[in-house]
Amino acid sequence: MEDVLTLGGKVLKNRLFVGTGKFADHKQMGEALEASNSEVVTVALRRVDMEEQEEDILHDIPKEMTLMPNTSGARNADEAVRIARLAKACGMGNWIKIEVISDHKYLLPDNEETTRATEILANEGFVVLPYMSPDLMAAKRMRDAGAAAIMPLGAPIGSNKGIRMKEMIQIMIDEMDLPIVVDAGIGKPSEAAEAMEMGADAVLVNTAIATASDPVQMARAFDYAVRAGRIGYLSGLGPVSATANASSPLTGFLG
Amino acid sequence: MEDVLTLGGKVLKNRLFVGTGKFADHKQMGEALEASNSEVVTVALRRVDMEEQEEDILHDIPKEMTLMPNTSGARNADEAVRIARLAKACGMGNWIKIEVISDHKYLLPDNEETTRATEILANEGFVVLPYMSPDLMAAKRMRDAGAAAIMPLGAPIGSNKGIRMKEMIQIMIDEMDLPIVVDAGIGKPSEAAEAMEMGADAVLVNTAIATASDPVQMARAFDYAVRAGRIGYLSGLGPVSATANASSPLTGFLG
Amino acid sequence: MEDVLTLGGKVLKNRLFVGTGKFADHKQMGEALEASNSEVVTVALRRVDMEEQEEDILHDIPKEMTLMPNTSGARNADEAVRIARLAKACGMGNWIKIEVISDHKYLLPDNEETTRATEILANEGFVVLPYMSPDLMAAKRMRDAGAAAIMPLGAPIGSNKGIRMKEMIQIMIDEMDLPIVVDAGIGKPSEAAEAMEMGADAVLVNTAIATASDPVQMARAFDYAVRAGRIGYLSGLGPVSATANASSPLTGFLG
Amino acid sequence: MEDVLTLGGKVLKNRLFVGTGKFADHKQMGEALEASNSEVVTVALRRVDMEEQEEDILHDIPKEMTLMPNTSGARNADEAVRIARLAKACGMGNWIKIEVISDHKYLLPDNEETTRATEILANEGFVVLPYMSPDLMAAKRMRDAGAAAIMPLGAPIGSNKGIRMKEMIQIMIDEMDLPIVVDAGIGKPSEAAEAMEMGADAVLVNTAIATASDPVQMARAFDYAVRAGRIGYLSGLGPVSATANASSPLTGFLG
């Protein structure tokens, strides 16, 4: 039986979600998205040229990918709601990643406003994926508000610091009955693998791919890493022990 | 140009080395080795039935793999040398992984005796891969003694603790002009990826695969992980920053 | 000029706050509090015998300590408010540590309800110290609601896991203009020192002292550790470097 | 019964050893040594003016401290032995810290040459303390060669990186019957406390004190930290648990 993630009515075979920011140009972005094998891509509505000119970012996103527009730039729930509705009106589908950020140094999400936007948009039929500061209680509120998945940050956006909030993300994975998608902070393939080994349902990677020396190859690396971590999780990781355990027989060979 | 590792005159495309201990049976081992896509396998000479009966472990190792017999069970250089010669006499080729261990709790290698065995065997034409306790100066001595690669332990054998000796292994990778193969301690695919991201030339994994709930699938996971880490390393990991860096534009969207 | 922490109108010379749970008996607790040199102690109102019998926990708390009753057992803001008022009515002063917990496995605080209780009680003149799940935005809301200090958890209560939420706590310390008191999870003296080196204004320790083999001596250890970390922070920690820097001259001594 | 460390015939009450390099001047060094309460100080023989001029570093070392001259600058065992003999001839006592370093970037000790120097000098009646790269087998050889204590590095000298070689140092502490003094790399008071909590018998700190903004106060901080960690170790650290354990009663208070 194939391992798939069902989200917002879609059946996803690949658990790597990707972003579209910080690439050198749209062509490079398109090639990296292609190389990633990802099926879900987030894009800031701000980036989309609604006059539909040729250089629009949407032109370079592989057609078969599911668009997950995000509300980047929103400072409160109302702004996020307006951006979400606009995205839908533009024909970008009904998935929405909610980002509500008012802090300008660490770009940390505002869990309360995010929950409020989640509730409004879920009631309007959106598939809502809130980006949030890891916190079990806030995650439960977002779930109750109708979120389709929860997207806790591993570390501040674009920092490439890795999964610094591991303790709380692990608790969320263990305690929640909703998909957990680790978003923000993942800087290396090994960290994406680690998130999957922890039991995350997916990861979203943008900066680590876009700012690599070779973004297209790095996208491939993350594809492999997410598969590695997921299969590792499903295959039952062996126990960690304090002392050694011989792999090979140690009794005197020549004795 | 393809990324390959040249070692002992062989050109290797896969940088995952595997072991043969702790599997449920030879059949499971053979399937896991197959699934790993690995090209190099270590086997304790003790495990080899020199009377060549049917159940011999060698029967279940894919024929195209390079054998790297190890001297498991040796307590000093002399015993290691005798085991190596025996392996060669049995037709197991001229690769030898030197393990000299006298501590029975943590199974830590003895760097001095290992260096001594390395020198003797390299002079006899063996491709010598010494398993060692991470230490730059000891590694340089092993290189000078004729080692083909250096195999520092990440953590005690079979502990699945990960790369606990990261500081010294990173120094060895940065300072040595010989291949570094991280051996022992790697317990999860993400840790294998991490070793490769650090710049290791290969990793050897045994316990983490053999003690997984599903060793065959776990072997696949490690194959993906090693590729992920290697490609990540070659693609130039992006910089880590203290604060956040927006992936998407933040200027007031609706303003 | 002496280094002091001014909180709720009190001038504190010692930055170790302690708790009263899990001790073998009241006598041991009293001796540990004495040994800690702490000036602030938290006590669950539930523990206080309001009929004022002789075995009451308050009898064994050194008289000069400032009581910080906590609302342990409260599942929402309203219950916390009621407990706080009761504590004041019982003559326990106007400090209150707000704990609102509805999760029974990890005992994680509910930031939204905690903020609500903070606002009500701050308006009634309490010195409010909310225990919270580390989150910069939630901390800012608590500050705006009138909190006197913010008490983020380092790890789940009583887990002795250390400061697992370091990333977010460091951000809170750097970005907030209110005292930050790291509470919960600190299991070793070194971890208390580390919190202080990060710039925390104080730490609260209970389980690590009460469950030590010798709680009275462990209280002394934490007193030293908090001083060590605070002085270290004030004395300007030296820079970390990737490579070595000789402490002693290395030029050929013997020529 | 007082907790003391007996080493080379001396009974030490303070487990912080200090160094003399990198201070702004001798006066500052002297004040920092005083503030540290340390009883053992290492000094590079190179620093000592053997013509006995007034500005000699020895003038500013508190008289009651035990001198532990080191062989900094030695590139092999023979040079270390010559420096040690010279130190003794100059009246600096019979303690000697052996440093044999040939790598110029990470300043890593050479365990084999260090063992050789240890054996020669122990046979001549010196109290020998070898500085070494953490490795259980090398430590056992140094013990067998007559070392009075073993001084593994936590991280490269002067890096302030902390105890990066924790895994092997913990094994050495657990397995050796000789005092273990963690030397090099300790950059913060919390890290000194951590070494002591691990069961180290003492720590040596130099760079972290000398390069602090206020070295004299930082010396005090390390004194407190070492006491904190040692008392913590002796008082039996409480167990770490995966989930939470309530410090205070949780049953419905107002129920």
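Letters are used for the chains, namely A, B, C and D, taken in the order the chains are written, and counting of residues starts over at 1 for each.
The working rule: a contact is a pair of C-beta atoms (placed from the backbone, for glycine too) under 8 Å apart; a residue touches a chain by one contact, two chains touch by 3 or more.
Model, not experiment: these values are computed from the prediction.
**Student:** Select the chain at the greatest separation from subunit D, using centres from the mean of Cα atoms.
**Tutor:** The most distant chain relative to subunit D turns out to be A.
**Student:** Between A-B and B-D, name the chain pair that shares the greater number of C-beta pairs in contact.
**Tutor:** When B-D is set beside A-B, the one with more contacts is A-B.
**Student:** Take the average of all CA coordinates in subunit B, do the same for subunit C, and state the distance between these two points in whole angstrom.
**Tutor:** Roughly 46 Å separates the two chain centres.
**Student:** Taking the mean of the C-alpha atoms as each chain's centre, how many Å separate subunit A from subunit B?
**Tutor:** 32
**Student:** With chain centres taken as the means of their Cα atoms, state the distance from subunit B to subunit D in Å.
**Tutor:** Here subunit B and subunit D have centroids separated by 34 Å.
**Student:** What residues in subunit A touch two or more of the other chains?
**Tutor:** Only 105-106, 108, 156, 161 qualify.
**Student:** Classify the inter-chain contact topology: is it line, ring, star, complete, or other?
**Tutor:** Topology of the interface graph: a ring, with each chain touching two neighbours.
**Student:** What chain-chain pairs meet the touch criterion?
**Tutor:** Pairs satisfying the touch definition: A-B, A-C, B-D, C-D.
**Student:** Under the touch definition given earlier, write down the residues of subunit A that touch subunit B in their complex.
**Tutor:** Residues of subunit A touching subunit B: 19, 21-22, 44-47, 70, 72-75, 79, 82-83, 99, 101, 104-108, 156-161, 187-191, 193-194, 197, 206-208, 210-215, 217-218, 220-225, 227-229, 231-232, 234-254.
**Student:** Please output the residues of subunit B touching subunit D within their complex, sorted ascending.
**Tutor:** Residues of subunit B touching subunit D: 102-103, 105-106, 108-112, 133, 135-138, 141, 155-156, 161, 164-168, 171, 175.
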